[in-house]
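So the structure is just underneath, and the comments pick up after that.
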Amino acid sequence: MIKVGVIGATGYVGIEIVRLLQNHPQAEVTVAVSQSFVGQKISDVYPSLRNICDIECQDLNMDAIYDKADVFITALPHGISKEVIPYLLEKGKRVIDHSGDFRYKSVEVYEKWYKLKHEMPELLNEAVYGLPELYRDQIKNARLVANPGCYPTCSILGIAPLLANDIIDTKNIIIDAVSGVSGAGRKTDLPYQFCECDENFKAYGVATHRHTSEIEQELSFIAGEEILISFTPHLAPIKRGMLCTTYANLKKDISTSELLDLYKKHYDGEFFVRVLGEGKLPEVKYVAGSNFIDIGLVVDKRLNRVIVLSALDNLMKGAAGQAVQDLNIMYGIPEQTGLSAPGLYL
Amino acid sequence: MIKVGVIGATGYVGIEIVRLLQNHPQAEVTVAVSQSFVGQKISDVYPSLRNICDIECQDLNMDAIYDKADVFITALPHGISKEVIPYLLEKGKRVIDHSGDFRYKSVEVYEKWYKLKHEMPELLNEAVYGLPELYRDQIKNARLVANPGCYPTCSILGIAPLLANDIIDTKNIIIDAVSGVSGAGRKTDLPYQFCECDENFKAYGVATHRHTSEIEQELSFIAGEEILISFTPHLAPIKRGMLCTTYANLKKDISTSELLDLYKKHYDGEFFVRVLGEGKLPEVKYVAGSNFIDIGLVVDKRLNRVIVLSALDNLMKGAAGQAVQDLNIMYGIPEQTGLSAPGLYL
Amino acid sequence: MIKVGVIGATGYVGIEIVRLLQNHPQAEVTVAVSQSFVGQKISDVYPSLRNICDIECQDLNMDAIYDKADVFITALPHGISKEVIPYLLEKGKRVIDHSGDFRYKSVEVYEKWYKLKHEMPELLNEAVYGLPELYRDQIKNARLVANPGCYPTCSILGIAPLLANDIIDTKNIIIDAVSGVSGAGRKTDLPYQFCECDENFKAYGVATHRHTSEIEQELSFIAGEEILISFTPHLAPIKRGMLCTTYANLKKDISTSELLDLYKKHYDGEFFVRVLGEGKLPEVKYVAGSNFIDIGLVVDKRLNRVIVLSALDNLMKGAAGQAVQDLNIMYGIPEQTGLSAPGLYL
Amino acid sequence: MIKVGVIGATGYVGIEIVRLLQNHPQAEVTVAVSQSFVGQKISDVYPSLRNICDIECQDLNMDAIYDKADVFITALPHGISKEVIPYLLEKGKRVIDHSGDFRYKSVEVYEKWYKLKHEMPELLNEAVYGLPELYRDQIKNARLVANPGCYPTCSILGIAPLLANDIIDTKNIIIDAVSGVSGAGRKTDLPYQFCECDENFKAYGVATHRHTSEIEQELSFIAGEEILISFTPHLAPIKRGMLCTTYANLKKDISTSELLDLYKKHYDGEFFVRVLGEGKLPEVKYVAGSNFIDIGLVVDKRLNRVIVLSALDNLMKGAAGQAVQDLNIMYGIPEQTGLSAPGLYL
């Protein structure tokens, strides 16, 4: 049994990790840290877990918790992890982190987009970007996995086959993305109040969202050249789910079905990537509650442009589910373990 | 491995049964009947199941399907089951039915509230009302289980301890209930359209809803006297979930905490019934996606009246989840098997 | 042109008053107080009003604002109004207040339910309860109108004809009520976050909600005897709207249609009260965005009990709309002025 | 008083026209045609209008209705209007039509995208495209106004200043659009059921939506060259509202604030077009319930690309509101008449 510590266990990502591990046959949550709810049962904070997981929330006291788990999954706000992650690595623990801190290879890019000084640049080289479909081999032995952002996971997996096969113009890639409100975390800011979100739809962070740089880094690695993109996130009145609509100009003549074949070949053997048949398109409803990413596409012959649709659950494949997938890889367990629930549809 | 046939597999209850059985280690869906989608994969109808369950929908041809399963779960509209259930029983199959047809002991009551002639009255005596917390022993060996309605499950379990302990006036029981829209099934009627339900709230079937009679039957059995109730269902703009607010006048002086103790004792050992502590109240969010029913209550000392709140997921403990619970009991499997997912909260 | 000052103009009730007065031909907002947004345009806070109402938010400086308006509508949190209302009255201004402070005739009842010491008991006698259908004549000349709560307006108007005609048992009145989230105001508390409310349904304040006492006061006045009620509020995932389902035992034999006739007679000439025909029931959708209260009912002959359904928009007839109705009465203007918009339905 | 006939009065667009005209001081609905509800009051179909508009629905009998109004607003499904519109024009009536039938100058383009033979090509030349910001002068005297589609209105007004000022590359215009569910009309198709839309988000009609050709026609007229665009509509779980996110590559160096100035100048005097200040972006919430279109934009200096956000209410500026605006222009009434309601925000 893998002993897992969850740090930041009562945020929306943290609690999703706790929830998923309840049905994981080879891992268990042995310590849950939540500074806001120290001493309370996790099921007092999230009563859905009553009689399922009633462990008590711990304070973030590293000396007291480090030896209670083999691996820690951290879902903390930026800036706290400096006190946490180097300590855990030093104690021989493995870490899967959800912040943006270890996703970058370039300190400069991180500091420019996050407007923060990076406190642990020496870890950037070692950290593995936790997208199994790109870095499975490195994840296996990683001490520190940087779990990708939700938008980057959805965007990168949607575009990767186009770049890997060199069939699009790299200058006009446009990603128009929509997320559910849980992506903002369990905050009490006014814009996330029910009456402010309900029946609303809006863009935010236009031309400035941090995930732009994360997507660009990975697309550039795949393409072997510097890729710059337009990325526009939007907020929809749904709890979970994400859809990316990506536009790229084709460099050669290819049909929708040929391109889908190419995608299917590219993702052959990837359980969690479902490439849809021609005429079918992803919907948030099909993936919400599951760890799948669904991908569909249409070639617009009039314009010689491809429109790729990719959908995932921002809390699952976009965060906690992917963390569990990484955990399984790190411990040599079949990747689907604990992740076999299909979406709820309803 | 128990072989299960699902008849009416593409309705909202049917597909929930199919979904649940994907994670059931001792049961599998061997045949799925859906007359609207014959020949299509069930995952073409519900793409959330893609790569999880891709079996083909069959026509309702009894001769062709009966020997493909040990037990059949029927989720059919009223009136079709006459051709189905007696046939299956005769072939030695066991059946869990979701219609109202076999929930009644009295043909008269059924015919009065359903405004239909009962076609198989001879089965009423044999059929077991599939509420495990009341009829577990009979369910074990039943050939025909009549799965209770969602409102009755939520109402009866909320009130049962009061009647069993003879502490309320039986004349003024009022049940004010609220359901999510999936309770209406996968219909295309105008009142269930998004623009008609969204941002709306309304009562329906006031003083005439069929479930009234089903609740009254069971409460009368518990009380040992005829119980008549007010039952008012409402429709809320949520997909799944149900909350009943029940009012009853107390015959004796008892505090909230004493009454909660009595409830806890009454439901001792019932895994799926969670009696909350004083000061805590059920919310739909805590049970949606799970098979739990949560019960909380407040004694209003000013009025010597108790207000009981009970919440469940209408598709789970109110339908498909309870069917799986019944299935487990019928086959001597631990009752929680395949039902261990907590609610999603998000 | 009546000059109106709105104090607390950027809360959800305040901004609704501002919005309504934009289409009022005989009243205009001459001063808008919002301590959180001093110096900002009201249309910067609520961009829906851009180019419609761009006045600047003022600080709550009584000396600076009192002479800018003839009448003030106050929508403040409890406890601030002590500095505001006596001052305004002394300066000869008229006031319509939205707090609970002036709705009670008994200081004791107020202090018991609000758990506060009343600071201005001398004003209680003078203040008029601003429910036009009950107190129209007193409102005409009132200096201080206490605008009723949303739940009380919806409950009292639904029950009044039963008590006025002495046809129900006064001991078993039960009001089961549901409100949209805007009823909580523009707060940033966790329970009102989108991800916490969406797809949820719950009761709150069971047996303890303050509006219980306000409803009891007015029902007692109508009945001429002390009335105690059960009142249970619930929260539904809608922005605006409210539905009350009220149960009462009939003292005499009366049919649904006879009772509806009695209601129609009782509310004859009341433009904003729409008594529905037999077989029709109110829905939130029919009143949202309008100042109407819709009332329907069903007599349950089996139980000799009446179930009354009443629906209104909590921000309109439940707050801001009623304030404008009161304003019109106070200034001798036709009551519908500025309130003629029907509900939006969509 | 202008007498207005509404044909198709009980669809979502038709009823919005009826609703708006209730508050129009110089127009009144004198005849409402609805073949599904002949003989019923319009307020029986939409009870929100009870006591506001109780006229009876008429059958589509042209001989019986034509002389009851001066102008007819038609909101019919495709293919019926052939029997209606030429007849009305011949009788000397003016018509504002909501179908796609008269929006095109080219029969070929219409027939290609609508996959229908055009039955009244002789009217195409005469018909005026009812977008006041582009064709106000022609609308004044038009007999037949073709009210634009919702997506085209939102897209064209968002892009027009860029093309009119020749500052973008015309080859890479991408419009990513999101609509509320009411855009589909009052249909009972499965995809528009509550349980299918709620908590969902999806694209549809990718590379094939008819509105693409309508947008292209108008953009080509403005640019003076043939413009082809990518247009991708999406469905969000909201009742009303629409947001377009448009991407275009800039041909010259221009800042966000300079470009906004250019937009403000372009739309100077247009009451219903609100160009937002730098740093502000449109939200559906700000326009829902009003006839405004809000436009904001960001220049992405990294990519020399502009992202334009435009939002409107698909039932108002996208349909019924614009029809009333056209009506006002046709009759020489101030354009805002009957359209002064701000958005509801809540």
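Letters are used for the chains, namely A, B, C and D, taken in the order the chains are written, and counting of residues starts over at 1 for each.
Operating definition for what follows: a residue touches a chain if its C-beta (ideal position, glycine included) is under 8 Å from a C-beta of that chain, and two chains touch if they have at least 3 such contacts.
In this text the structure is predicted, and so the values were computed from the model without any measurement.
The greatest centre-to-centre distance from chain B, using averaged C-alpha positions, is reached by D. Of the two interfaces, C-D and B-C, the higher number of touching C-beta pairs belongs to B-C.
Measuring from the averaged C-alpha position of chain C to that of chain D gives a distance of 36 Å. Chain geometry summary: the mean Cα position of chain B and that of chain C are 38 Å apart.
In chain A, the positions touching at least two other chains are 12, 182, 195-196, 199, 237-240, 283, 285, 346.
Listing the residues of chain D that touch chain B in their complex gives 12, 181-182, 186-190, 192-199, 237-239. Partner chain B is touched in their complex by these residues of chain C: 172, 174, 176, 178, 195-196, 199-204, 206-207, 228, 230, 232, 234, 236-241, 243, 245, 247, 249, 281-285, 288, 298-300, 302-303, 305, 307, 309, 311, 346.
Chain A meets chain B in the complex at residues 12, 15-16, 19, 22-23, 46-53, 182, 199, 239-240, 271, 274, 276, 280, 283, 285-287, 289-290, 292, 294, 315, 340-346.
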